[in-house]
Amino acid sequence: MKIDIDYIARVEGEGSVKLEIAGGKLKSLKLNIWEPPRFFEGFMAGRKFDEAPDIVARICGICPVAHMVTSIRAIEKAIGFVPSDEIVRIRRIMSLSQIMASHVVHLYVLALPDYHRLGMITGLDAEIRRLLRMKEVLNGVTAAFGGRALHPVAMVVGGFTKLPARDTVGKLISGLEGIRGDAQDTLKMIAGFDTPLLEPETEHVALSGDASSGVIISDCGLRTDEDAYGNAFEESELSYSNAKRTVVKGRGSLMVGALSRLNLNLDTLHPTARAAAREHGFAPPVKNPFMNNTAQAIEIIHCIEECITLLDALTGKEHFVRPALREGTGSAVTEAPRGLLYHHYELNRKGVVEKADIVTPTAHNVLSLEEALHKLARENLDLPRDELVLQCEMLVRAYDPCFSCSVH
Amino acid sequence: MHPLKPAKAVLKNIRQETADVKTYTVQVDGAFSRELSPGQFNMVGYPGVGEAPISFSSLWEDGCIGHTVRSVGAVTAFIDKLAEGDELLLRGPYGKGWPMDIAKGRDLLLVAGGLGLAPLRPVIREVLQSRDSFGTVSLLCGARNEKNLLFTDEYEAWRKKISLFLTVDEAVTGEPWGHSVGLITGLLDRVKPDTAGTCAFVVGPEIMMRFVCRGLMLRGMQPADIFVSLERRMKCGVAQCGHCQHAGFFVCRDGPVFPYAQVTGLMDGML
Amino acid sequence: MYGNGMTGAPASRISDFLVPKASFFRWLDSLRESFSVVGPVAEEDRTVFREIASADELHMEYASTMLSPGKVYLYSPREDLFRISFGKDLTIEEPPRSPVQRIIAGIHACDTHAVFYLDRTFLGAFRDPLYENRRSNTMLIALNCSAASRNCFCSSMGAGPFLKAEKGYDMLLTDLEDAYLVEIRTERCRVLFNADATQSADAEVFRRKEEKERSALRTFTKTINTDGLDRALRENPEHPVWGRTADERCLSCANCVMVCPTCFCHDVVDELSMDMKTVRRYREWDACQDARFAEVHGGNFRARRTARLRQFVTHKLDQTHQYGVFGTVGCGRCITWCPTGIDLTEMAKAIQTRKA
Amino acid sequence: MTRPRLGFFKFSCCAGCEFQTFYFQKHPAETLAAFEIVFAKMVLRGGAPEGPFDLALVEGTITEAWQADELKKIRKSSALLFAIGACAVNGGIPALKALAPELEVEGKVYKNLSPIHSIRPHPVDAYIQVDGYIRGCPPGERDLHEALTSVLAQKKPGFLRCAVCVECKLKGNICILTAYGMPCMGPVTNAGCDALCPTCKRPCYSCFGLMKQANAPALAKKFRSLGLSESDIRRKFTLFDADAALFSKADKLNED
């Protein structure tokens, strides 16, 4: 028997899963990411350094900020620009608002309908209202500093070209305070769903607690700096998928994202987030990838608090310095909503990109996702076909993969 | 009263004239002006869609006014989809119409190209009603082909009191066509205007008006005796939005009917 | 040539005062209780007109602003006309008229003339109630200019640097170093005026005003010869300067029109609500430089960039039969804010001297 | 009233337009209520890709041959089809690939090019006739709203076609090009973003693409006078509109 899931709906981008079952055994399973390549790394060569963040934003419509922040960090390292504390703070606010907004879309629009066996979210009115309340506030934060929430413009190499007025910042804070309850309700909702039992073996990788450290750690003892990314990870091309896949050198698959972050850094979270985790029985190590959704919901609770603290700390000063040109090379790793994101640039003395390299969270996750799918299918071959298909899709969606990103 | 505030009107009757032209008989509420003159126009529209200037193709008749509209764009295509009994919005009347007082007592030559017949229809009606106030009245009427002729069922009545000459660019139906084929300028020789006593009203595409007016001048008419009706984009109808400005004239307020002498040779115009 | 303003009855008696600046600004500050006071304020390195929170914010010795206060505060960039609701019945509501009483302080002579020009459009044969409401709720405190900016040519247009019109505004200020000569033009302003330490202005004060005007006039570097100007432009619609400027420099960006204090054109837009229940009908500034502006079914009267550029320039320098005055007040904004610096006075000169 | 049947189709792009339509814009709930979502991968599992549709929104650049075939099918099954977003309207960022030799660009990304079957990137109207263009990356709120409400009201949409400068002046922004010499693309860029970048004090980078009446060479000349190199200028004009720059006479820009 062959099962072809031609496209997986409610994820970002195009991917399919093909299973071959013979004699009650899973013969093969392939996750094919057929999202067409756009060749970002190819056409970035020849573009100016200050265009890079605007270009890479278009890798992904759901996490443009993550790409921008990462590329800006890498480029600033390349040209020797050191951002002020204020700039670092605002970039973190941007990242947090994006992580939350992305999680909210993922939890409500992409994942939630499965639990209600629905094709899409329409009909779940209370949930839609909660989603829209949260979206309004979170997009508002991104837009206040970025100009717009999707593909922001005010965040550039050198800082932020314009800051919102003081009273706008006040409104953002009260907005965030206003959705604390919604965040708790979101976690309650997600943690309340039954998820299939699945415990695949993989290495959980994330940045160490301080998000701006650039230090990558794992539950298998990995510890490396973003500059040495290439020594620790290895990327390879596949014949059946446009996305490349990345492994931990000498070991194998890895998982990045909310679940890994919480497994590694739960103790650095805000107390309310830790309490919420405890309350819902989230105790590392959590190996079930379906629990990624719960981890995301816990993260939202944390991010709201961190965001409020940072907004409170804004000074409104030193938000932009025109950067000077310099030849150089820079790498950066940040936590995108879906996990580790790596950007690397080589600039010539005119500030033109000579080489660009981008490894996205989904590229990091592809192998562990495929392995997990394998395990899920193997252990559930007795399920009715439709249910098996749905569970496979749910697992893919739990990873919150971004196929557009992974191919780019 | 806000000059831009539209009044509600109800479509009492819709008549398909040609494939893309319909005549709408419209009942307007009581406040609408009784003083309408041929050649004036309304801003006709629908909320959410916008407004467009549309000439009167009939003035007050049985408590209704008439508009004849070709579906070409946002507003007109929307109107095209309405049905009898539907509401629409309009405001007016706007602009200077045909100078009927100048025409009275003289020979009158009416030249209409295509939809240009619509704004001349009230003139024809007035002539028919007070036939004695005018001298010889001729109507030259051109269309792309037979299928594009407007108001065909009224021709017989018109012919009883005025001379009607028809021409089409090309005959397409294959039915016998007992009239001219060719540009409307070709009809000018059929009427031989009495150069001193004739007054001409010309309306149609600007390029057609150009050649008709030149033809009339070549046949001895004076520019001051020729009147044309111009079409420009309009958003307000009250000389404020500026869209219809034509070398300093507001077509909505100073026109749409102008003495040819006033608008010939202006930049960005074809006359 | 100008001066058919419409506001307020003329002051019943000559009311000209010499007022120490401090005292004048104290008076202006006191008006903030019942008026929204708008004036020139320095923001970063530019001056803009906005509502002030204190007279200390005023920066009265400003060069021309990007947008004129009249165009922004009397004829607003975007403004709701009606709210139409579908329901059982169509209802058409006018938004409530703004009750705001406003003072525009420090409006230059050219911009005051530009207001008179807008009056001709919005208070002509058809009166626009929104404009009319704001015009009569707004007091204009005009200010004579003591120096021209690089692109000013108001002296050639009779619109500045000193304001000669006697009516159509409420008060005229002339900067006499530490004091203003305050000339009150309307009764409503006379009633309101109670600055302390005022003296009535004597002949000596007016002599100083004249001196100021002479010195202001000496600062002009840009001029235009208005003699036969309108005819010259009208008769040379195919002069090469049109096509050349349009091809090589004109961006069709419409900045000239948008900053022009006399440009009155606007679009009327219907915005449907997503639930299809209501329509917001509003107007917003539109520009003849936009290719869509003169488009009709089957053609576009100004499809060429040349024709659009020529429309703007001739509307300012030629089409005098429209309102009996030139369409420009000589503020020079279209020159200053054209990204490629197209200068209508230079184009006019090229045509007047028949130079290709 | 029956709700118009909506299909949303993604080709090579970031999917931002679909997110903008269903999530980021101001009225997502009303949009979901007003339309019957028949096909939209990003929000709906299942659905009917074959239609029929009252409205198809197509995002993304066409970069593979199967997409062109798919596109023609969608055209056939849709009463109205709008291109949405810079990718679909102008080619957008993915069209940057066309500025350099193909194999060179592809070779920078993949060592083994044999499984890659990209064609030259083009906007959707290179293959089919389009009923409307919702510009911008992501699409502007005003045009998107106009497009959706026009379909609901069954009228022809009126999209913005003037320069970003017009919106910039409506907001009263001091012009950063003229006042500060920043190389702003506003004068040649189609409006619709409410002059977002200049309002944020950064030069417009033309994510809405060139407006129809743009005078690109004249602005290029201005940029030259500000000291930009020929390659800088070329980069500015090609960022979102490489397709226009390559195939229309608007491009008289040199490389240095």
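Labels A, B, C and D are assigned to the chains in the order they are written; within every chain, residues are numbered from 1.
Convention: contacts are C-beta pairs under 8 Å (C-beta built on N, C-alpha and C of every residue); 3 or more make two chains touch, one makes a residue touch a chain.
Not measured: the values here are computed from a predicted model.
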item: Chain ID, smallest distance between chain and overall C-alpha centroids; value: D
item: Chain pair with more C-beta contacts, C-D versus B-D; value: C-D
item: Separation of mean Cα positions, chain C and chain B [Å, integer]; value: 38
item: Where chain C and chain D are represented by their mean Cα positions, the distance between them in whole Å; value: 37
item: Between chain A and chain C, centroid-to-centroid distance (C-alpha), Å; value: 52
item: In chain A, residues with contacts to at least two other chains; value: none
item: Chain B, residues touching no fewer than two other chains; value: 48-50, 73
item: Chain C: positions in contact with at least two other chains; value: 269, 271-272, 276, 286
item: Chain C - residues contacting chain B, complex; value: 81-82, 84, 86, 90, 92, 94, 121-122, 124-129, 234, 237, 263-272, 276, 279, 281, 283, 286, 288, 293-299, 301-302, 307, 310-311, 314-315, 318-322
item: Residue numbers on chain B that touch chain C, as the complex places them; value: 2-6, 8, 47-51, 70, 72-73, 87, 89, 205-206, 231-233, 235-236, 238-243, 245-250, 253, 267-269
item: Sites on chain A touched by chain D in the complex; value: 7, 9-14, 35-43, 45-48, 51, 54-55, 57-62, 64, 105, 109, 113-114, 119-122, 128, 132, 135, 139, 147-151, 153-154, 156, 161-162, 237, 239-240, 242, 352, 355, 393, 404
item: Partner chain C, residues of chain D touching it in the complex; value: 27, 30-31, 33-34, 145-146, 148-150, 152-153, 158, 161-163, 165-166, 169-172, 174-175, 177-179, 186-188, 211-215, 218-219, 221-222
item: Chain A partner contacts - residues on chain D that touch it in the complex; value: 10-20, 22-24, 28-29, 32, 37, 41-47, 61, 63-64, 67, 92-94, 96-97, 99-100, 104-112, 115-116, 118, 137-138, 193, 196-197, 199-202, 205, 207, 231-232, 235, 239
